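So that we are looking at the same thing, I have put the structure below in structure tokens.
Note that the chains are named A, B, C and D in the order they appear, and that numbering of residues resets to 1 at the start of each chain.
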């Protein structure tokens, strides 16, 4: 039931797609992100609550034209320098920004997963984020007259996540901090999951999310596929790399050297801009 | 951390309250319902997706003035005769009906749990249920112009559920079919949980719901508190009683005999009507 | 007389409509029997979803309620009821939904709420349950109901679930997220003695009896001007085959909220009705063995439309009857 | 000079504001340190909630991110991020929310988004994260930020999170569901050397420095004419004490969506600012040891308001400093 990661990316991720790679600190699908870059995808709209290093890398490589996000920092370390360089200096090219709060983007995924066009939340009121009227608006409660925030649903072309386990039928199980992965998968047209390993039977885990095989386009075995993020029960977060990234990413040359050393080709041109 | 059930009901359930006893076939809090009746509560607004035998009994006893629900049958058996007698013949008194679909009432609880005044769903369109404008209305998506259903939030004064376990701190764990219990508890002003037993540490259970003690008003140990419903891992559903209830409940006299035999006093008067 | 009755025939006919890989929302009563019969005969990989939250349940015995522990214990996943209705039913992830009816009209609209007025009914029925949203969002809906003039009525007392609408023209279909993987086993679809029947063309298609011309194959995807967030709800998830077909009224965000093809099949103790491709009026297209058109007309509260060429439903096979009895006796599949 | 610096003082002062039983939403950086310091000193039963989904986490070592496995492994429950924001943060179940700021104005409004214009910023900051909804819905908000004219600005470049609004008068509070059980241990609240400070009156009260007269004690409940479904959102969950206080602008469904009392405390490296009870203008009420009013004024980009009677913040105790160092060295609590 599993396929090689390269095949899954080749088949399901296309230039210009809206792509969500999710995982809240935990289970970030780095290996899949690198495969997307390796295959030269471009003009992607990247969606992710916390861009983290994984999107800092993709943005620096020029893979993305647009970014939808809610918090763009290197957790506990500082800035995402490639993201900042793209926004502040348009390097390697211009990056359009659509930004939410966590509550807003989480609800946008949830609406997408329910195939509703929008979600309602109590948020955003009085903030300048509301000026992004194409993604954040207001609705009035028909019962009380209260005005609430509305966010446009997010429905990625492709969502990619990393999980601990698949079973022989290609059903997937993840546990620990599971973030917004279920909603992101169910909101997508196609979902790819990389897993640590395939087992005969799932263990019991309170808080686990299980995704049946028929909502998934591809399952790929990629051991340690979340590094430098982690998979609870399989690995620990490589906090040193998060610190090291601060140095690598500060400098364009150092970043390009890192990319070259990892076989990740920069996309120099952007025909859209 | 636990209190006797009688004390919890005495303290937290008052005449005229809106009370939700939840549990979808599984984990129905029958013992708590009987304690509510035993203490002579009246003029309650009862909320429950599937009234089941538990509300058939309370309605027959005259405990309720109003019923909010989405499916009122004896699952796999037939009618709820006490509910029908109340609606069709106003016995023992008139029962006001507010009815949803499952999707609508589930979302109404979810909105209540989020302290939002309403929820949006794609449902109800074209049905006569929509004529209940005080609880079902429409909203327009500010992004696409699509018109969707809206349901008024449900916020019970008290929600009561049955669960398998509490720990020594009064945190609660339930698993198996967990229905809408989390949402119903979080939507309530006060929540009471009866549990099969208290343990030192929770086991691992995929799909379990855990409720921290600070969202609960009272935890009571009531072994087999869901009978004739069941608690997965502790008991099996008493399907024979569900069949037997069909006979007991068909006839007012047989019902009153059953009530007397179980120490459940009928509330004859209803000052509201 | 044979060793089966009209109730058996209804359940068998319904079971035959399920195919391997179908995601089937199962309610109590005949649907439960039909779906589990399909799993024990020609469609072992039919995926049963129960509105109690059990996804891909594999009950070892016929469950007596939709909340039996056997469903949770054998399901791939158990989700909350709000999630079931928002992320699974409402999102259009159900291929086949079964409904019952206390009343049904010629356009497949259903009443399960009251006989008489809602405020002061002569008969209080159970109510809506999951039906309105299943009716709207399931890829196709199969109604199982005994045919009688009291049930097949000219005018419903209450519309609980919408079929093709009061005039047969109100239903609009929407894109729905189709599964992205194919059924997991290689068994041919429609392996039962009748094949999958005329509504079962393709694993996810609504079939030629749907509300209008169906788009076939892979629906165009890509962002259709909905801004940076992807294609937006009108094209959301329109990946798989078939169900995207818009019907004669066209699709889009101003539609009536329905996603699926509607009640493509009504299975009764007399035979099978299907909506007329032009008007959506329920039309008797098949009769059970020993039933005449005249019988069916007498059991219908309106002037029943009958297909020009009417087929006979093949009677239950020995295999089907044995499986049915085993289920009714609550034997396990291995017994 | 002492054996502590201004960063230590900020963390210690913030930790002291947490009480046993407080439900505290913890973000990365100083809040993480302050909350865990409180747990290791005077408030061992302070309940830590991380927006990654961990509820009642009891980290054995200082987590380096809000997604550390130690949080999930030691939490009472781990929920999804949508659930965290809808059912916990948005529903008003957080007593204390900590926020940082790149810019803050005199009414406690915060920018963490951009310096310059949003379309073409000179400095791109991380963005909103959970802050806007924490700022709106937490029972009280504590801002931890270093004081400088670049940070304490007359005019924000961007409003990411609302304090008391652009003129200090825009905040309206709403009912919120309070916990229904009391803190689980008997330790007196406010056990730190300063007590809980002036904002910490009662376990759930917003305190006298809130936006206006606070209703005390048990708020009236009961259905207020909202129909059969209970009291509706305006009274929903208004059971516990204190937080229901409406503020001078009144509460109700037309309010600005805020539930909590707002930024009742801003803790800096110079001291503590609190909103003026009348105008909500941030007012320097306490100074750290060795800091003068003049120092604070120079570090503020507007004409800083100073309380008539200004107190000195007691310096860190030896116990506090030891716990702080142990946390920074990522030692376990038992070590």
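Here is the rule we go by: contacts are C-beta pairs under 8 Å (C-beta built on N, C-alpha and C of every residue); 3 or more make two chains touch, one makes a residue touch a chain.
Predicted model only: the values in this text are computed from it and were never measured.
*Asks:* Give me the set of chains touching chain C intersected with the set touching chain D.
*Replies:* Chains in contact with chain C as well as chain D: A, B.
*Asks:* In contact with chain B and with chain D at once: which chains are those? Just list them.
*Replies:* Looking at chain D and chain B together, the chains touching each of them are A.
*Asks:* Looking only at C-beta pairs in contact, point me to the busier pair out of A-D and A-C.
*Replies:* If we tally the contacting C-beta pairs, A-D comes out ahead.
*Asks:* Between chain B and chain C, what's the gap in Å when you average each chain's C-alpha atoms?
*Replies:* So the centre of chain B lies 29 Å away from the centre of chain C.
*Asks:* Please compute the C-alpha centroid of chain A, do the same for chain C, then give the distance between them in whole Å.
*Replies:* 36
*Asks:* Between chain A and chain B, what's the gap in Å when you average each chain's C-alpha atoms?
*Replies:* 39
*Asks:* Among the residues of chain A, which ones contact at least 2 other chains?
*Replies:* If we look for residues of chain A contacting two or more partner chains, we find 110, 114-117, 121-122, 134, 141, 143-144, 146, 148, 152, 182-183, 207, 210.
*Asks:* Among the residues of chain C, which are close enough to touch at least two other chains?
*Replies:* If we look for residues of chain C contacting two or more partner chains, we find 77, 86, 90, 232-233, 253, 259.
*Asks:* Taking touching chains as linked, do they make an open path (line), a single closed cycle (ring), a hub with spokes (star), an all-linked set (complete), or other?
*Replies:* Looks like something else, not a line, ring, star or complete graph.
*Asks:* Taking all chains into account, which pairs touch?
*Replies:* Chains touch in the following pairs: A-B, A-C, A-D, B-C, B-D.
*Asks:* Across the complex, what residues on chain B touch chain A?
*Replies:* Result: residues 114-122, 134, 137-144, 146, 148, 150, 152, 173, 202-208, 210 of chain B touch chain A.
*Asks:* Flag every residue of chain B that touches chain D in the complex, lowest number first.
*Replies:* Those in contact with chain D are residues 1, 16, 18, 45, 47, 66, 68, 96, 98, 108, 110, 112-117, 134-135, 152-157, 169-171, 182-183, 186, 188-191, 210-217.
*Asks:* State the interface residues of chain D toward chain B in the complex, per the touch definition above.
*Replies:* These residues of chain D touch chain B: 21, 23, 47, 55-56, 76-77, 86-87, 90-93, 175-177, 179-181, 184, 221-223, 227-233, 236-239, 253, 259.
*Asks:* In the complex of these two chains, what residues of chain A are touching chain D?
*Replies:* Listed in rising order, the residues of chain A that touch chain D are 24-26, 49-50, 69-73, 75-76, 79-80, 83-84, 87-88, 97, 99-104, 106-107, 109-110, 121-129, 131, 141, 143-149, 176-180, 182-183, 207, 209, 230, 232, 236-237, 239.
*Asks:* Touching residues of chain C toward chain B in the complex: what are they?
*Replies:* Going through chain C, the ones touching chain B are 28-29, 51-54, 64-69, 71-73, 77-82, 84-86, 89-90, 113, 118, 121-124, 126-133, 136-137, 158-162, 165, 170, 232-234, 253-254, 256-259.
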